[in-house]
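Order of writing sets the labels: A, B, C and D. Residues in every chain begin at 1.
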């Protein structure tokens, strides 16, 4: 079995607080792996350790056979691991189309390319790609609006489009449907299912169990910085340990 | 699909060139059509355009760009002294030298962002100024400023048998003397080229990436961009524009002084850019026009000149008007400038450019043009918030 | 040895002045998030409070000056001297200390008016716009002062009793030649007291606690239902008073002129940034550090090794510190970094 | 027009002849070269008034920055001079100047007008302002300024443009030394003369066994003054303990003053001017330097270049301090009295030395035009060169032909201990005769350049 991401023995402390303790996690290629857990369990910290925003105190994050720890965020991106953030990280002053063209440019130009005399108006190919990505998430109508002016749900979808256009081999999604109406959530689930058919590996952090159980092939449960269970949706659904961790928490928070 | 570029570059350039080259004509009614001021408009225009590439696109506020202006000036004068009075080597060397310094200073300063970056650039510029003013006098001629002298080497000129004559030689472009109106046209042509380059940058993928860095630098990193080289390129480009402007200052007037590098000079270009409209193509040029006009024309008005201006009024009213306005011109011209900064930034946060845009929209609305169009835009943006 | 001792004293004195000037600036940064380019102008206004009080006290009756025969000239005799003789002269002598009493309410008023009328509207605007508007304000204030007082520096001496130097060396049993001007010692003491007062105020009063909480997270504090806005007005007023007091006390050292604020503006920014944006402790530490380093860099022995070092030392230190410590000596992450 | 333009270029630059093409300027439309070089006179020159009824002067003075008050006083003097030239007012020094060709009807029958500009005490701004006056307003002569850097910068520009420059307040040796220009004239004295004039007085007051400590503004003027004073004092037998450069506009000089206390020096020489001088002197006095006894002698402070306006800024600290000045209103000669009377009647207070110099400069230029019978600069320059005159405040004076430096008596002054009025700040110690401060024209090098540009 080939693992695209192999996290071994990752520890991270903030001051005296153990945010992550000896995390072991393997993600199979082509699967959708959900990570669930109560608030403050360390889910976002784990993702941050993967993409270079945080450096773990110890452990390795192996991606496609290479250790990502200590690498610059932009290099990790080009290695093929892309993250979609929980609070939408977009370019509010740019139009939706430009927001999506930027990651497309990153894919094409690499970490740095000095091309001040190339005309943006002639980049029709990138534009078409970007429009297609916007169409994927249903935002093509608003392509010339400023990203800062659209709704929060739309921002999430815009960011999803920004992640998708880079066609990463591993997409890390931090609560992709948070803040969306039920109708939009379903559309996003459909979209994510469609990507799965394209063979992209995904890691999803999610609270909404409806989303988790509709999408995930495997689920890991994180509580107080430790992974307490990993298994198929059915196994997790029936695990007593998991129920205990979730006691008192409403499922669709 | 014409989604990104709304305007045709050729049309923009045509209009721009026409406006710049006919400046002596349309500036005549406001008394700004004499060569020195025209040259200053063009030169500071280049400076501000370049500064806008850094500040307008990336949002990095440098408080030290006057250092590059000064370096360009000194290099140009040294080129006149050592090599030739022809201006081309001066222009090229001035620009390159400023670029080299910008690379070094930018490399260090860009390790920090925000106000820390501003203070780093300020510190470098102030050090350059202090040293140029005193310790480096052998190179800069200190407070007096670096000037041409009779016994300068001028290796290339003497090689070609250009004979020294009475008085100091003039800067020239293959024989055409670079003072007066010819100097202005030389600067104007370079301004047009500089504007074209800036237009290309604004409308290139590179420019888009710089804007994105300003909008959200963190996101750029996670999108796969190494932002530091982008910032450094923008810094060096704007530094070279400053060096070019500095070289042109020496070309139209071969004297380079240290005060060109002082923080107030850096502050001036910041103010010009903000006043005109940061990040817009034309805004910085408007800012240059306004500030230089105030500095040169308003500072020279005295009560008798005011009486001439207002003599169409009845005498008693004329006296009152002159009595009030005299505090805002002549030695009070700074007051007008300060008050204008405040008024513009309070009522037009996007600078003069925003005022012009608003005015255009208002006129359009009044005329009933594009009415549906523009309203549609606003409401849609607002609703979806 | 004496030379070093006196330069340390000198550095402390300079540092006190720098810290005092920078204190208000960093307070404005930290609490209001406003880059105040008019801070130098407020410092200058403080100095002109001293000038004004002195002129008020020396309001004079014009007496025909018989010594000038070419034209009708008048000389001034202060009313206070006419009325009260030597007592009046003594009161005039104490113009600077007296002006402190006047400066506090006046500067507070100016600060509150400025915050309500101008600064308030710029909390949410970009730093560039804050810079432009406060810079414009500074120019306007300067020009008004110039229109009333001219461009020449105006002598504002300290009271006679403290105009000379204190023989510190002799007092401490060290060298006789170790002397230092009384007024500068008073300034150092005064700076210490003001700095201490501001710190104590922020640390030990509930008002100060709210302000400090506001410095950390403005939104949370306003969610608690505390009227942050009004408190911030008062903070700006305090910053203005501190700047003004720094100016009043500086008047005998540097005869005030309308441009003196601009001369100190860059310096105070460097101090604040080296200390770390919005950090009060940082500003004080940086003030003393830069003061002492500047004093030592000006020693002939050091200048002969590095010519011109005294002119650039402050900037050089600023560059080095910012490269080693990204947010200055005590700056917090995320303040003024975008 | 374009041919005229070309002929000017040819007369100006030989080497351009070969290559001078009908470039941009030659193809420029008419309006671009409006009134430049056009005129009825036989020789073309810039801003020739031709048959116009009036001529314009350009008063280029600092209106902002540290010297704004000095600039304001200069401007007052200029306005007064224009009045007198046009035959208004009481005539001032027009009544005392000898020889005198002016008739009180303007110059050569043309009324005198003026434009003003702000130098900001910066070379760039001063040159921009001067260019505006020349290019836009068409002035015949530029005058004013309050620092040597500005004077040298504007003087160089005026040489290039072919317009005469009558320098205002500039004290550096360079102005009529290494940076002298054919089109530039200086009435003010210089650092060397200050040194020569001070020498004997210092010897008399402080003896020959002294140790001097210099604080010097770190730029060209400061250096030339330090050098000149040092030469003089060392000739007297004084030692120079140290000469320390201080940054311009330092504000607080304490770190430079403290080392003096232990240096063993007994005289402090402040080569500062303007705000720097006010601050350093005020602070030096605060440090108790003047109360000190060193080497058994009273510690003294000397400020080689004084002005009354600065003395006002320094307040009581100036009392008893020696220095030199170009002119003081308390002089009793007829010219000075006439000027002070006329100025005082107009403005209610006596003029400063800057005002005096500027007033005199305006009159001297006008007189030279009248004498030459033309505004053609080379002729006017020749009329000024070697011109001997009297009745303008400093006794018999000569504009030396070789370097355009005025030679006249220099005043050594002392801050008045008991001023009788608020203007009576300087007391004249000695009027040092001209012969004592003269020097050969070749001493400071430099070249004047051509008459025709």
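The rule is short, and it goes like this: a contact is a pair of C-beta atoms (placed from the backbone, for glycine too) under 8 Å apart; a residue touches a chain by one contact, two chains touch by 3 or more.
Fair warning: this is a prediction, and the values are worked out from it, not measured in the lab.
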How short can a chain-to-chain path be from subunit B to subunit C, counted in steps between touching chains?
1
What are the mutual neighbours of subunit A and subunit B in this structure?
none
So the centre of each chain is just the mean of its C-alpha atoms; given that, what is the distance between subunit A and subunit D in Å?
74
Express in whole angstrom the distance between the two chain centres, defined as the mean CA positions of subunit C and subunit D.
36
Note: subunit D sits from subunit B at a C-alpha centroid distance in Å of 34
For subunit A paired with subunit C, centre-to-centre distance based on mean C-alpha positions, whole Å
52
Among subunit D residues, those touching two or more other chains are 64, 68, 72, 218, 245, 247
Residues in subunit B with touches to at least two other chains are numbered 130, 134, 334
Determine which chains touch and list them pairwise.
A-B, B-C, B-D, C-D
Subunit B partner, complex, touching residues on subunit D are 9, 12-16, 18-21, 23-25, 28, 31-33, 36, 63-64, 68, 71-72, 115-118, 122-125, 127-129, 131-133, 135-137, 148-149, 152-153, 156-157, 159-160, 174, 179, 218-221, 245, 247-248, 447, 449-450, 453
What does subunit C use to touch subunit D in their complex?
2-3, 6-7, 10-11, 13-14, 17, 65, 67-68, 70-73, 75-76, 146, 150-155, 157, 163-165, 175, 177-181, 183-184, 252-255, 257, 259-260, 263-264, 294-295, 298-300, 303, 308, 310-311
State the interface residues of subunit B toward subunit A in the complex, per the touch definition above.
1-5, 9, 197, 200-201, 203-209, 211-212, 214-216, 218-227, 229-230, 233, 237, 380-382, 384-385
For the complex, which residues does subunit B have touching subunit C?
55, 59, 61, 108, 111-116, 119-120, 122-124, 126-127, 130-131, 134-135, 217, 263-264, 267, 270-271, 274-275, 278, 327, 332, 334-335, 337-342, 344-346, 349
Residues of subunit D defined as touching subunit C within the complex
64-69, 72, 218, 242, 244-245, 247, 249, 251-252, 254-256, 258-259, 261-262, 275, 278-279, 282-283, 286-288, 291, 309-310, 312-317, 337, 340-341, 344-345, 348-350, 420-424
